[in-house]
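The first chain written gets the first letter, and so on, giving A, B, C and D; residue counts start at 1 in each chain.
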Amino acid sequence: MSNTFGSFFRVTTFGESHGPMIGAVIDGIESNLPLDVGRIQKELDRRRPAQNEFESQRKEHDRIEIVSGVFEGRTTGTPVAILIRNTDQHSKDYENLKDVYRPGHADETYEARYGVRDYRGGGRASGRETAARVAAGAVAKQVLESKGIAIESRIISIHGRKENFDEVLEEAKRKGESVGGVLECTVKGMPKGIGEPVFDKLDAYIAHAVMSIGAIKGIEFGSGFSSELLYGSENNLPCNAGGILGGISDGNDIGFRVAVKPTPSIAKPQPMKTRDGGIREVGIEGRHDVCICLRIGPVVEAMTAIAVLDQLYARTGR
Amino acid sequence: MSNTFGSFFRVTTFGESHGPMIGAVIDGIESNLPLDVGRIQKELDRRRPAQNEFESQRKEHDRIEIVSGVFEGRTTGTPVAILIRNTDQHSKDYENLKDVYRPGHADETYEARYGVRDYRGGGRASGRETAARVAAGAVAKQVLESKGIAIESRIISIHGRKENFDEVLEEAKRKGESVGGVLECTVKGMPKGIGEPVFDKLDAYIAHAVMSIGAIKGIEFGSGFSSELLYGSENNLPCNAGGILGGISDGNDIGFRVAVKPTPSIAKPQPMKTRDGGIREVGIEGRHDVCICLRIGPVVEAMTAIAVLDQLYARTGR
Amino acid sequence: MSNTFGSFFRVTTFGESHGPMIGAVIDGIESNLPLDVGRIQKELDRRRPAQNEFESQRKEHDRIEIVSGVFEGRTTGTPVAILIRNTDQHSKDYENLKDVYRPGHADETYEARYGVRDYRGGGRASGRETAARVAAGAVAKQVLESKGIAIESRIISIHGRKENFDEVLEEAKRKGESVGGVLECTVKGMPKGIGEPVFDKLDAYIAHAVMSIGAIKGIEFGSGFSSELLYGSENNLPCNAGGILGGISDGNDIGFRVAVKPTPSIAKPQPMKTRDGGIREVGIEGRHDVCICLRIGPVVEAMTAIAVLDQLYARTGR
Amino acid sequence: MSNTFGSFFRVTTFGESHGPMIGAVIDGIESNLPLDVGRIQKELDRRRPAQNEFESQRKEHDRIEIVSGVFEGRTTGTPVAILIRNTDQHSKDYENLKDVYRPGHADETYEARYGVRDYRGGGRASGRETAARVAAGAVAKQVLESKGIAIESRIISIHGRKENFDEVLEEAKRKGESVGGVLECTVKGMPKGIGEPVFDKLDAYIAHAVMSIGAIKGIEFGSGFSSELLYGSENNLPCNAGGILGGISDGNDIGFRVAVKPTPSIAKPQPMKTRDGGIREVGIEGRHDVCICLRIGPVVEAMTAIAVLDQLYARTGR
């Protein structure tokens, strides 16, 4: 529970945003599978900040290091451990946030849960933690690809706009604000008959995996929330099932959409609770994303890959 | 995995719609807790079909029988096993469905998964299975109530209508159709600091639990899918968080909405794949719900109660 | 945890010795497997008391009832639930034990753990609970047999005697005493390469399963405790490995021995702690085994079958 | 399963003997606990080879590095990740073993399980892996000590000798042989009422944990295998229970003994199967222990600490 996801293909992550490194341990991977380190690196690069003007200007190099589970380029069946060093963490950026709880962040809830305040940028609750997920997910993706399954995502809406994203992004940036959006994810080449019944239905399991990403506020499969607008005879059409019926894949592509909230860290001053019970207006300086949607795709794909592979292994063994 | 949900408060269910009984085994409950059997029964009665003209006219009596884990009216800390006999199952209703795969149902995917066809109404994939969830959830609810936590749900929309549900229901019935809707669920009295970080965030965990109900196609917390319409400074307001930040409860009520799809079984003839590869037009006779939304509330509440109690126990022990 | 064993082939048991019934829910079994109910019944008959003069004269009929997971004689892949009604429970036998803690029993520790005293013969800690294990194990055995794997056990010593057990049993009975013994268990036809590395080595896993039987005080594989008398070159001979190397089956039969303690319930008066802090001399009347060793074999085999099948499924999927 | 042990206090290990490092990730530790790194290091030093002439002359420095989960000297409640670099691994020592399966080792079974041969000293099956367990166990020990619980072990016999170990060790060394022994472990200050009933009895759980150490071939609690020599009235004395009744601690010290087999790697030539199906006489050169018993104590204590703490947390929450 908690820092481990999966029963058969199991991913455990560790590390805080401002510690020396973060990492992932992958247990249960099949042996004898060629692992392309370059492609794992490429997935991390997709997630990296500072690729355009609307993303955080932090320069996370995120060079991965595989320290176990691979021998002569192939998996051995033992745990694959991946380390990613933290190189560009500015703890001083967080000095002025030491005594306030950032709204929309986990600052206050973590303190309530653990009785500890690690004010250096969120610790485990930081978006930084998702780099380890992307690394593990990149491994899952390679396993899936060896079985003909591919996972892709694309932004379908930002701040209510279906196109011309730059305009809304520029306006938000100018205002010191942030915006959210909706992302669509597709699993292609999914064989029929994968998924567990009852409590671990494939859609429930993917929902768990994907909703565990900090910024995600909702998920819907197939016709989703708009299914109520259809009659039974219409909604029964295969295109509305999202590729899953009764929790088991039906052989079509799996499709779902997720709601990504606006980045809670904004330059514009906002009222924050202070640790001594007061309220203070604070603008969060530093290097934040105008829209986390722009680089959350690899994280959503990674969690989807982990969930799908786990259920595939449940069926086939490792 | 699969027929068990939970790590600390664990619920295992069994039984098919057309077997002699269904049941639930609850492991990990604290000892010395008074258990009110009448109130468990009442939750099952809320879920029972045939309470109005739009619901299936099956008469599920659903009398629960607790066969272990309770001594002199109190829990002993050993597993609470609950049995519910199946009394009104008409296997013959399903005779004409023996050789077709009902669209929107799990008929075809179950056969792909297990290589077996149990044509008698869906087996484990039947809505009947949710009665065992409601029984287990009713136990979880009583534990939660002893700690000041209550769970409620209400329908907020049916077939796109926010009010005057009878009109859309009558029209759907007349057409031999079915309709879906949106349900809202609230957890009241939730203490601050409950929830696991990273992969088992409280919202991800509730999503898993609730999305494992057959008819649910989507879930959103707080501002959910409409958060993209807000700026960061707006979405950061506590009312939009849904009572959970960074996966941990923030002390406010938890609020989420779920999308319920139109019942796939409809009287109106629809094309169905046959087992030998053809297509046949079939209307599903028998006693089906026009709108499952009307009685899915107790199931959503039950799964929410189980998920919330499990994470509460993770924090406090049993 | 606790009332569930296994990750892939999972067994959950419930029920107390003096409640209406006990039962087992088996999750994860492969589908389409013919299940011979008569042979499950036969395993329970082997475990039944009162088969000779040295065994408890309780008449446990133990008629099993399979209420789910089987359709037309074959498994469907859904949970197999088995119920066994309690028919010959004499609660009054336990009236005089209401205020004492029986030595060698779990009376005092259960009260410390749960703050509850169920004085009617031990509740979940009763030997009665093992009937559910035998039923589930009998299912596991049938699955294993379909793969060519058989499990057997035999008594190799009672009260230090390698043969002529009747003599020591008669003497113990005459004295109002009980005796223990050593049992040997063999897994035949085990394929090579089954077992998980590191924490779930096959021998560690079997040890967990078998040591969870109340009366078992020790276990040893292959040369076991006598391996210290051998030099490395001698102990390295395959016959000393017990069929497992590095936690993985080596293709030979798996062999281990377990220590069974003398039944703690004896007719001879013994000092017992009372609930108010005193000491009282009490002889336990009723129908107790002189030597539990005589009918613990089916229980040891059952737990072994469950553990072995679980690890087999880990390798092959279901 | 497999490379993770525990449900509440969870330890995941990774790394091979001849890779760059090994490590452990500890999930579920309580927050705000001071962690003394020096004492973790000390436990590793106890396990280190080459402390006397009978131990392997490898110089494992085993400097631990804690990379997450600790802030300003205290646990934060997030995963504690510990890395230990491999510094003295002589891969060439294993060159001549490339094509043979060492008897008493996991060489052949790992190849059967994974279809891969990592000939460099056993990979995950190497004793090297236990260093990560000792590190994690040292953390568990500190948590336990903060609750008044201490774990100790001592050798009670080597090659059948109760004392004067040097004599048997010298003789074995001279002969190019190895010897085994018996170790006793004690858990002091154990509170009453800890342990799970049925399948996760405290003794069964400790057995699982400890038997997962490669060299351990047997375990017995309290009177263990000699309980058969006692009558019920004798065995019922508290001193024979080993501190656990019905799987729950009874408030006395917990005591058990383990059988440690002779080190399978010996200088004396022994017949080995070759990968092409033949037999070859090979003496294993290099730096091996005459008796692994001399330094297995910290490993046994570590696994015991992890198992006990996990069950303690099950009762109390984190």
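The definition used in the following text is that a residue touches a chain if its C-beta (ideal position, glycine included) is under 8 Å from a C-beta of that chain, and two chains touch if they have at least 3 such contacts.
Everything numeric here is computed off the predicted structure, so don't read it as measured data.
Undergrad: Going only through chains that touch each other, how many steps at minimum separate chain B from chain D?
TA: Minimum step count, chain B to chain D: 1.
Undergrad: Shared numbers divided by all numbers used: is that above or below half for chain A and chain C, i.e. same or different?
TA: Counting which numbers both chains contribute, over half are shared, so the two copies meet through the same residues.
Undergrad: On a C-alpha centroid basis, what's the spacing between chain C and chain D, in Å?
TA: 27
Undergrad: On a C-alpha centroid basis, what's the spacing between chain A and chain C, in Å?
TA: Averaging C-alpha atoms per chain gives centres 45 Å apart.
Undergrad: Measure off the straight-line distance from the CA centroid of chain A to the CA centroid of chain D, and report it in whole Å.
TA: Distance between chain centres, rounded to whole Å: 37 Å.
Undergrad: What residues in chain D touch two or more of the other chains?
TA: Chain D, residues with two or more chain partners: 1-4, 7, 13, 78, 113, 124, 197, 314-315.
Undergrad: Can you name the residues of chain A that touch chain D in the complex?
TA: These residues of chain A touch chain D: 1-4, 7, 10, 12-16, 19-23, 25, 27-28, 31-32, 67-69, 71, 74, 76-81, 113-116, 118, 123-124.
Undergrad: Which residues of chain A touch chain B once you look at their complex with the stated criterion?
TA: Touch list, chain A to chain B: 1-5, 7, 13, 103-106, 108-110, 112-113, 122, 124-125, 129, 157-160, 172, 175, 177-182, 192-201, 203-205, 207-212, 214, 217-225, 227-238, 241-242, 244-251, 259-266, 268, 270, 314-315.
Undergrad: Spell out the residues on chain A that touch chain C in their complex, using ranges where they run on.
TA: Touch list, chain A to chain C: 7, 78, 197, 313-318.
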